[in-house]
Structures are given as structure tokens and as C-alpha cells.
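Heads up: the structure comes next, in C-alpha cells.
A, B, C and D label the chains in the order they appear, each numbered from 1.
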Amino acid sequence: MGSTFGQLFRATTFGESHGGAVGVVVDGCPPRVPISLEEIQRDLDRRRPGQSKVTTPRDEPDRAEILSGVFEGRTLGSPIAILVRNTDARSEAYADFKDTYRPSHADYTYEAKYGIRNWQGGGRASARETIGRVAAAAIARKLLAEAAGVEVLAWVGRVHRIEAQVDPARVALAEVESNIVRCPDAAAAEAMIARIDEARRAGDSLGGVVECVCRNVPPGLGEPVFDKLEADLARALMSLPASKGFEIGSGFAGTFLTGIEHNDPFTIADGRVRTTANRSGGVQGGISNGENIVLRVAFKPTATIRQAQQTVNRAGEEVTLEAKGRHDPCVLPRAVPMVEAMALLVLADHFLRQRAQCG
Amino acid sequence: MGSTFGQLFRATTFGESHGGAVGVVVDGCPPRVPISLEEIQRDLDRRRPGQSKVTTPRDEPDRAEILSGVFEGRTLGSPIAILVRNTDARSEAYADFKDTYRPSHADYTYEAKYGIRNWQGGGRASARETIGRVAAAAIARKLLAEAAGVEVLAWVGRVHRIEAQVDPARVALAEVESNIVRCPDAAAAEAMIARIDEARRAGDSLGGVVECVCRNVPPGLGEPVFDKLEADLARALMSLPASKGFEIGSGFAGTFLTGIEHNDPFTIADGRVRTTANRSGGVQGGISNGENIVLRVAFKPTATIRQAQQTVNRAGEEVTLEAKGRHDPCVLPRAVPMVEAMALLVLADHFLRQRAQCG
Amino acid sequence: MGSTFGQLFRATTFGESHGGAVGVVVDGCPPRVPISLEEIQRDLDRRRPGQSKVTTPRDEPDRAEILSGVFEGRTLGSPIAILVRNTDARSEAYADFKDTYRPSHADYTYEAKYGIRNWQGGGRASARETIGRVAAAAIARKLLAEAAGVEVLAWVGRVHRIEAQVDPARVALAEVESNIVRCPDAAAAEAMIARIDEARRAGDSLGGVVECVCRNVPPGLGEPVFDKLEADLARALMSLPASKGFEIGSGFAGTFLTGIEHNDPFTIADGRVRTTANRSGGVQGGISNGENIVLRVAFKPTATIRQAQQTVNRAGEEVTLEAKGRHDPCVLPRAVPMVEAMALLVLADHFLRQRAQCG
Amino acid sequence: MGSTFGQLFRATTFGESHGGAVGVVVDGCPPRVPISLEEIQRDLDRRRPGQSKVTTPRDEPDRAEILSGVFEGRTLGSPIAILVRNTDARSEAYADFKDTYRPSHADYTYEAKYGIRNWQGGGRASARETIGRVAAAAIARKLLAEAAGVEVLAWVGRVHRIEAQVDPARVALAEVESNIVRCPDAAAAEAMIARIDEARRAGDSLGGVVECVCRNVPPGLGEPVFDKLEADLARALMSLPASKGFEIGSGFAGTFLTGIEHNDPFTIADGRVRTTANRSGGVQGGISNGENIVLRVAFKPTATIRQAQQTVNRAGEEVTLEAKGRHDPCVLPRAVPMVEAMALLVLADHFLRQRAQCG
């Protein structure tokens, strides 16, 4: 259960990392949205492994196929199924993990929950599952761009202790994509790459923060109570593998301000209601106010490390795990398109919900 | 829309702050759970205004009535409707806000979304809406306690810059309730109370962090992909008024560790699989692992302040708002039962989902 | 569970027949729909017991109260909670049924499902539960009338073997309401009333068929696969107490025609695409085609009869039940507003769904 | 939208009749259910076209592939994706229908709803969409058989005016499969086959009734109000292409009985509570009572006929459609596995719902 995201723009992902395929079915996409396989593949290519020295060397082309729902370059309003075959699945590399739980992975919890586990890989906990999310979000991106000019852009804001200086209002995709770590602050990017390389050589791993901005979001998206826009964004982002924290607008730092310092005065600018500070992060009372939505997600250091670790096995014995195999020393560069994907899925869903209720 | 929380243990809240009543309908609660009005009232009393000098002086008894779903002290399996009448609703106090948007409130976004607004109070954005949540969660608390011995306990972890030292594994309800700020670190509590009092006198307000622990959660709750336990917790907590950030386990701080430092080794203790560090915060791969679930929520300083503020009105004019009226100088003490409530609703829902799928 | 109807226009009913109250929470209703308590009460009055000699003498005024979601005569877009107190609840009349299962009632199945039962009445199986449905549908009726001129009208088409002749395209509310059996064919109505009176005096009961027409439904409502308009209508109508069958358009009778006889030719009339025969009943491929939606629902004879019956008790003994108490000798006159209610709830939901997906 | 069925056992189908593929994703299936590709293929083979002279000659092997969710012959608890490629898609045969609406098909309503249509076939309205349903239901069948010994069996009960005599309590799969029309009454079957052959030669088509029995259903499945078991069955069955009516137990015929004649007395037999007549059809108050669930579905005569018909085109002109191409002269034999599939999906879903709420 739990493989469907969204109430109206609904993405259902499927697939284990080492089964036959991964993919997604998008149900509820409006008809007549222009979409091409190339637009979907473009985001998948940003997500795929093997794209640079800061990502896992596991090399999968992740070529997508559209099985349904698109006709002559436009959506039909029917479910859009997208399929990506698993190719580079060296399940023998996982034989060691058949009976041994990798620390900080989902091996033990899957076993505890289901009493069965596809040990030939990470199963549904693998980042491969996000292929379906990214593919679905490429369609959401087109829908939102066509309907409202919405832009969603993420970047690596911090790796370990190296923090970038980025202006969410102005940062552009080309800057994000200008380096392999996907940090638009060139100096920070260089330091991040060096730091990741160092961790990789040490068999260690790093975490950090991905930032994301949603621009041109029309006022009125989101619901007052449980389905607040920030709540759905939080859920969406915290559903990504390795995420441990979420904040919007002033976030945790805002709690060090007093109300007088923190409040967002309203003003009239460009002929519409604006706030002067956007500490709210584009959302007030759960509903978008037309300002940029700015959010940050904490990703823990990759759980796969090349170090001996203490753990236990299915027989209940304490054992030492000699980790090996391929891994991302830092998930953040590849997490960037995943963060965008989740924000896009939330916005597309609330765009349709708003259209339903408020016309 | 968006007034229902949960897939199987479903709470639907209703009510504006200044309409006739607020309340909740809980559908999906298992039959034969013992529950009394007193148990529900107990949590409502912790949430109600007017309980101390650090909360708003608005004085409402918030007496609950059970309308359905309970028979001879036990749940029937049918919807449990609970009603609380609004009594101390001085809507005239809000007359100033009929046409003027209060900064950092939801006045403008509601107007933008709906084109109509009950200006006699905060409407659905009022913290009064959480009465329904807290009442529903009192039932969830009984269900989880009876079925699995689960305990959920929250406390104020930080107010502005005053941080408490609390051990999530040992803290008890009596300690939390031993002072009006609901901080189990007595020294910190004293400082917090003084700081809040100071803010109140200055017409200012404060934010901070509420922490929460869920103990005795059985392994296996939560779903692998979108409905990860931490994702649903994040959504739940970020749906509370004034929340701006969420973290679980090592959270944002964990990103300053490397993978070698951060990983949670497994061990065998008390005859079962345990982790030695619980940096995962009780959840791995979206599924509970039997360790304590520890989470933190950032609440911004209360948006209602007693200071003149720049804003705009419905006519599109820039105006000055002379704020007055009653407010909480710091929402955190009253947010404690709300945080517990949302965690309880998530756990009850996933408890039933796990029972459905895995027997 | 199962107390919520609809995906976007969501009605959640609550209440046992002999608890404190019954009611409904409507979430997802668009803002700014004009609605008054009188409009809601009007439909409740058509549904209430004690309105004529062909209905149960149980006399409840069923006065509704709006608790939330309406402000100055218009909907706010927030949940609309409506409450009706139970007043004439002679639970002592049910003492005989505490341990004995009434034949063809839900006593046994509730006990089998929940292991507990509010024996002081029919619980959720009581027709009192439909108060919430009828109240919610009064709002749906306003929404659909304002937005698209949709009209939904039901009537008693057959009682036992007495069949009425009614033209769904022309029948008017005043004709339906012109007699106590709600049959617009005056001669048939008279015969029906006599037949029901006879059954009542014999301690017996009767069933029959309620027909319903939905006029001015715009083309395009309904979804292609599982949520076909006729499927959702079938579910809605078959969720009414005592319903045993549903058909749309040509229904079961249409299976006696061949394809050549049955097909609906298209034509152009009134400047739009029309069908010449409407054997499809206003729906093709699950989607409305702009013709009148015509449906029929079979209601079994009331299970409550004034006759000794063989049954069993909770101890597993075979016993004789001496039925007494008040009952409807024929549910059909009161089922008329319930049938309208369910059709309205389906249409309102699909109206919003269509607006969401197709703009 | 509307491509997902079920709340806990969730089947999401995708695919147009002439796109790349059709299929299904099943989410929520419990782990460790033994399932093989052969078991899925067996039901697909009963559904596929080209299997006999009473079905369409369109010949598609409909070979299924399991893409995910099954490991070493057992379900993982993760989504099970099943794919069937479209092969015999002669879209040129549909060129005539690009601009012309076929009477009693969904061509016009799809165009009205979406403003776009895959005219190279029936799109989502094609019976090919039911491949996904049948595949999903093969898994539901295994789950229900393993967990509770539930058996679901359907057969052709009537074709046009030829009615079969079948005892739902005793009929066996081998009898149903003993002839190409899937009617276990051999004499009726012979007459049906002759009648269908006659219609086929005349370019005409026939409808009729499929009956279905669900045996060994445990008491307690179904919900009291909107999600009554019969309501969900009605929706499920009325979502099949060409269905126009549904009844359960005594159905429409029961309305010709009085309450005294119709009521189901309880008795004790085989050590448990039984009814003596089962006019309720295995469901009372929306909840299964342990008796056989017996239902009937009316299928209209196939809309595709080999006859000139009056219709209109997209330009709004009245035109004559010279129908040709391959079609089923009577859908009922192939509808049999579809009816079983929908009943199985409903029961699997309610089986899990009951386990969630009532343990």
C-alpha cells in the first residue's frame, strides 16, 4: 500500500530495484497537455545513476517507454503508464545481504513488516523507485507550465558543512546544471565536489540540504486544515529516501525571531497583494499567497558505506558486515530532480483541487 | 476540502472559530475500545485557551459532547461524532479585520482562494479547529494503548533561544504537566515563562520547538514509498497552525555527520533487534523499527501581536493595522497536546493499515 | 468505516437512531453557494417519519441545525456540519431485540462484524442515518441548480404489483408531492395507498420501485472505467436501506432487445448532438451524454412486520419473535427524497471532478 | 481519473485498446500470497477474444508479464504490475470512426468530456481494459481462497429470451467451462449458441444476464452505510462495459412479495446462524451474513452491429454509418470472467477492510 501519491493528479509507482521493471501510472492528468518522451527522458537523465564521479558508478540508461495515455503528442485524459526496464541489476552483489540487515537501511523493517523481502537489492526502498516519480512529475511540470507558468527548481544548498549562497528568486536551471554537484554557487560547488570525492575515497558518505523554489504559483492553492500546502509538501519531500527534515520559509531559523521581527507585512506591488519579506515561504494558513514557495530538505549521509559495521542477521546473531559494492557517496546531486518531482506532484494535485472546488 | 485525516482511522473536523460549534467525526475506529467523555475532556483541557498566564486570556470551557458511536462506554465501530459549542466568541473584536488582511495570517489567502471569508474570527485557520483533532486523538490514544501499549508524549523543547535538556526515553507526562509552559526541564521552564511574560508585556510573541516521543511502537508500521511513517508524521505536524519545520531522528543536525558517524548499528538486546544509537529516530525506510520515534516541530512566533503593522485592505489600499485583542504570546504550551494528537492520529491509522495488509 | 460518500463533494454521516443525534459533515462544497436552513429542512420534511398514514407513526420533527460552513447565507468552502437531535427514541421498545436477531434486519450481521451493537434501535442501519444524506444533498441540489440548471426528481413507480405510468421527461415535483405515496400517476397512487393500507392492517409490508430522472445534466460527467456515472449511481442507490436492485436506461428489459432494436441513433436537434431513443439512459461509456438520466431502484418489502417469526438469539437458540412497535408498511414514499439525495450526491461529485480534470 | 478500484486492495488499470499495452498495478495485496503467472494467464485466457465462434474473431494471445511485486512465487506486499502488449491492433479498421460517432458507443461522450480521443479503437471504453481487472482479480482469488476458502463463480444465466436453470449453491466451474457460451445448463447452452450464431449471421447482437455466486464468504464483510457490500458490488459490476442493471438476492422480483413472504427467518444449522431462504442474497444491512452471495448483471446487446445506422459526425452533420469489422455478437460468454473479477476485487478489498477495523 502507499504507492499512490495525489488525490486528483495521481501517480502510482511500481517496481523493485531488481525486478523486471520500474514505472508509474499517472491517472487524472487533464487531457490535451502536450508531452513528449524526450521531456520525460530529460528529467530521468538528471536522476539516473552513473552520470558523474559524484554519483554511483552503477550505469543504467533508464530509457522510458510510454505505454498509454498519450496520443499524437498530447495527453488523452486517461492513465499514462511509463515503463523503465531494469538492466544493470547485479543481484549477486546483494547475496551477502540475503540474511544480514544493513545498518540504517530498510532490510530489517521490511522483514519485520512483510515477513518476506526481495533481498536482490533495495526493493521498494531503492532510489530506483523514484524513477516513476520523476517521470510522473515531468508531466506535472508541463501541465503547470502550460496552465499557469509555474516553475519549480531545486539545487544543492549544502553538503556536509559547505553551504552555498543562492538567491531563490533568481537562480536558473542552467546554473544548477553547470556542475556535477548541482549547486549554482560555483565556489561552493567546487568545494562540495572535492569533499564528496574525499568521502568516496574514504569509503564514507555525506549528507546535506537540497533547496527548492516554486515560482509563479497562483494564490489559492492548498487547503485550510490537514491538506495545507506546506503539509503536503512536507509529506512529499519526507517520502524521499534518506530525508530526515523539512522546512518552509523561515523554518527552524524563524523560531529565533520574535513575532514583531518575523511577521510578513503586506504591500501592493505590481498591481497585486505582495508580502515584503516572504518569511512565510509563499504559504499562509496552508494556502499559497502568490510569493515564491521556498523549502529545504535535509538528506542524511548515504547509509551504504565501504566500512565494516556491526549488525545482526535473520538468525538473531550479531555479525560484522563487510560492506562493498557501488554506491552514491552523496545522494544530493541526484536528489535534486527528485525534490523538484515531489514539489511538482504536490502543486499539480492542488492546482486541480483548487479548480474543482473554486472553479 | 482537506478536512479529513487518515485512510482507515479517519478524523473529519468541522467548525469555524466563531460559528456555532467545532467538532470532529471519527470513522473507522475499531469496535469495543473503552472510551469515556472524561478521557476526551482531559486532552481538550490541556489544549483550551485561558488555562494560564502564558496562554490567551480568551476563556472557553470547551466542553465536549459525544453525539454518536459510543455505547455503554465502548466504541461501536460506527462514526464517533464529538461536538464543542463556541461560547466566548466576541466577533465584534474582529470587526476591524473584516476588510483588512492581518499580516502572516490566512485572511488574504482565504479571500484569494474562496472569494468569501468568515471575518468574525480566524475561520478554519483558527487554533479552535484543533479541538476536533485533539478529541479524535484521545480515542486514538486509547486504541493504541489498549492494542499495543503505545505512549505518545510531547513537550516544549525550546522557546526562542531557551533550550531544554530532556531525555525522550525517560520523560514522563507528570514532568511535562508540572509547569504551565509544559517543559519538563524545570530550570528551562522557569526561564521560558519569564521570557514569554516579557514578550506578552511588550505586545510581542515567541516561537520555538516542540519535541515528541512515541514509545512502544511495534515494528512494521508505515509504508515503503509515499506513505512512509515519517512522511505522514511530517504532513500531520506541518498541518498544525504556525508550524514551519519538521525533523525526525537526527534531522537537520544529522547532515553534519558523515555516514560512518551517522549509521545506526544493529544489535540484539532484550531478545530482539535493536539499534545502538537511534539516529534513525525509530523509522527506517519509512517503517517503524521498534525504537522510540523522536520528532521535532518548529512553530513560528504567533502572528497576532499588539503592534501597529503595515498591511493592505480588500480595496487594495495600503493601511496600518492597529492590532488589539487577546492572543497567545507563545503557542507552544498549547501546541503540546496538538502535536501529540497528530502523532497519535498517524500511528492509529498506520496501526490499522498494517493490520489490514499484514494481518 | 464507509461513512463518507464522494471524492470531492464529500458527505460524512454520523449517528445511530437512538444515540444523541444524527447528522452530516459536507466537505468540498464550493464557496459562495447560496443555501438556507429552510432549503435543507424542506427535503428533511419529505423524508421524516410520521408525515402520513402510509408512513411509520413514529413522530420526529427532525429539525436541522447548521453548525458550520455557512456565513451570511452562503457556503464558505469549509465543512458544513448539520445536526438533527434524536427525540422520539423509545428505546424500551427495542428491549426485546437486545438478544434476538430480527429476521432480514442487520442485527445479526452487526453482531458478527463488531461484536457489539447498540440494540436500542437499528443503529447505523436505521433509516434515520439517511437524514444526513438528505441534508447534504439539499446543498448539492443548490450547487447543481446554480451551476448547471440540473434537476433531480424521483417518484414511486411501482408498489407491489401496482405500476404507475409516468413520463420522466415531463413529470414535475408538484405532481409527485400531490399525494402521500409520492406517485404522480393519480389513479395508481390511489390504488397504492389502498394497497399499503391493507398491508398495514394485516401487519404485513410491501416493496416496489422508485424511479428517478436527472435532467439538464451536462455532457461529460463520469469517468471511463471504475467510476462510470452509472456505476457510482448504482453504488449510491444500492447503499440505501432495503434496496435490492438497480437499473439505468433500458435496464434488465433492454436485454430482451437485439442490438439493432436497442442501439440509440444520434441526431442533431436543438443545435446539439442528441439521441433519438435514450435507451442508454443518459450515459454512454460511463459518461453523461446530455440526455435525461433515468434510473430505477428496487426496494424490498419492509423487514419489520407485525407477525410472529422464527429466529435465533445471541445464545444460539431458536426462538419466536413476537414483533410489535411502529414501522413503515411501505418504505417507498419516504425513499423518494433519499433516492434524489443519492443521485444528487453522485452528480455533485462528478460535476466537481469534471471541473478538476477537464477545466 | 477513476482508474483505481478498491481502498485497500487497490487495482489501477491502464491502457487503450490500440496503444502500446494494457495492464494493471495492484497495490495493497498482502505479502506471501502464492501466485504464479499461470494462474493469472488462466483467467486472461477465459477473457480473451478469439476463443470461440460466439466471440469476436479478433485474435490476441493476451500474454501477461509480471513486472514487479512477486518474488520466488510469492507476493512481496509491494505493487504488482502486470503488462499485456497490444498486438492485433488493426487501427485502420477504425479510420471510419475518426470523425463519426458510433451509436451506443462512448465516442461522442469521450469527445464531449476530453476534447480529444484515441479514435484508433475504443480507447478506455474497449473491453481490452478489463484485462487489467481480470489479472488483478486472479491475485484476489488466490488471496481469498488461501485466507478464507472463498469461491467466486459466474455463468451465463440468460441470453436474449433463453433462460438457464442453475443452482447457485451447487454449480461448478467445470460445468460453466463445459461449453463455449459458459452456461452450465447444457440444453439452454445449446439454444443460446444457436441463437447467438443466428444473430451473428444477421449482423445483429444479443444481450442477457450473467449470474454470479460467492461461496464461503465469512460473515462481517461490508460496511453499514455507503460502502455496503451490495453497494460496492453494484458499483463494481455496473462499471463493466455494457452493463445496464444489477440485482442481489431477491432483486427486482422480490418486490412482488410481501414482507411476510419475503423475510428470511434465522435458524441454527451446522452449528452456526443460517437463514432458511437467503432472499437477502448473503448480505443484510450491507454486511455479509455467511450465506451465498448471489447477484445478477444485465448486459445490453453489443453496440457494434453490422448494419447501416443513423448517426452524426464531429462536424455536426447527420450521416449514415456503414458498420463493419469484427465484433462479439454477444458479450456474455466473455463477460463471465469479468463479472467474477469484479466480485473478487470487492471481496478482497472488504476482507482487508474488515481485518483492519475488526481485527
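We adopt the following convention: a contact is a pair of C-beta atoms (placed from the backbone, for glycine too) under 8 Å apart; a residue touches a chain by one contact, two chains touch by 3 or more.
The structure presented is a predicted model; accordingly, all values stated were derived computationally and were not measured.
A.B. asks: Using only Cα atoms to place each chain's centre, name the chain farthest from chain C.
C.D. replies: A
A.B. asks: Could you let me know which interface, B-C or B-D, is made of more C-beta pairs in contact?
C.D. replies: B-C
A.B. asks: How many angstrom lie between the centres of chain B and chain C, each centre taken as the mean Cα position?
C.D. replies: Taking the average C-alpha coordinate of chain B and of chain C, the gap between them is 39 Å.
A.B. asks: Would you kindly tell me how far, in whole Å, the mean C-alpha position of chain D lies from that of chain B?
C.D. replies: So the centre of chain B lies 46 Å away from the centre of chain D.
A.B. asks: Pull out every residue in chain A that's touching 2 or more other chains.
C.D. replies: Residue numbers touching two or more other chains: 1-4, 8, 13, 28, 31, 77-78, 113-115, 123-124, 224, 353, 356-358.
A.B. asks: Provide the residue numbers of chain A that touch chain D in the complex, in ascending order.
C.D. replies: Against chain D, the touching part of chain A is residues 1-4, 8, 10, 12-16, 19-23, 25, 27-28, 31-32, 65-69, 71, 74-81, 83, 113-118, 123-124.
A.B. asks: Inside the complex, what are the residues of chain C that reach chain D?
C.D. replies: Result: residues 1-5, 13, 101, 103-106, 108-110, 112-115, 123-125, 129, 158, 160-161, 199, 203-209, 219-220, 222-228, 230-239, 241, 243-252, 254-268, 273, 275-276, 279-281, 283-290, 298-305, 307, 309-312, 316-318, 353-354, 356-358 of chain C touch chain D.
A.B. asks: Would you mind writing out the residues of chain B in touch with chain D in their complex?
C.D. replies: So the residues of chain B in touch with chain D come to 7-8, 28-31, 77-78, 224, 352-353, 355-359.
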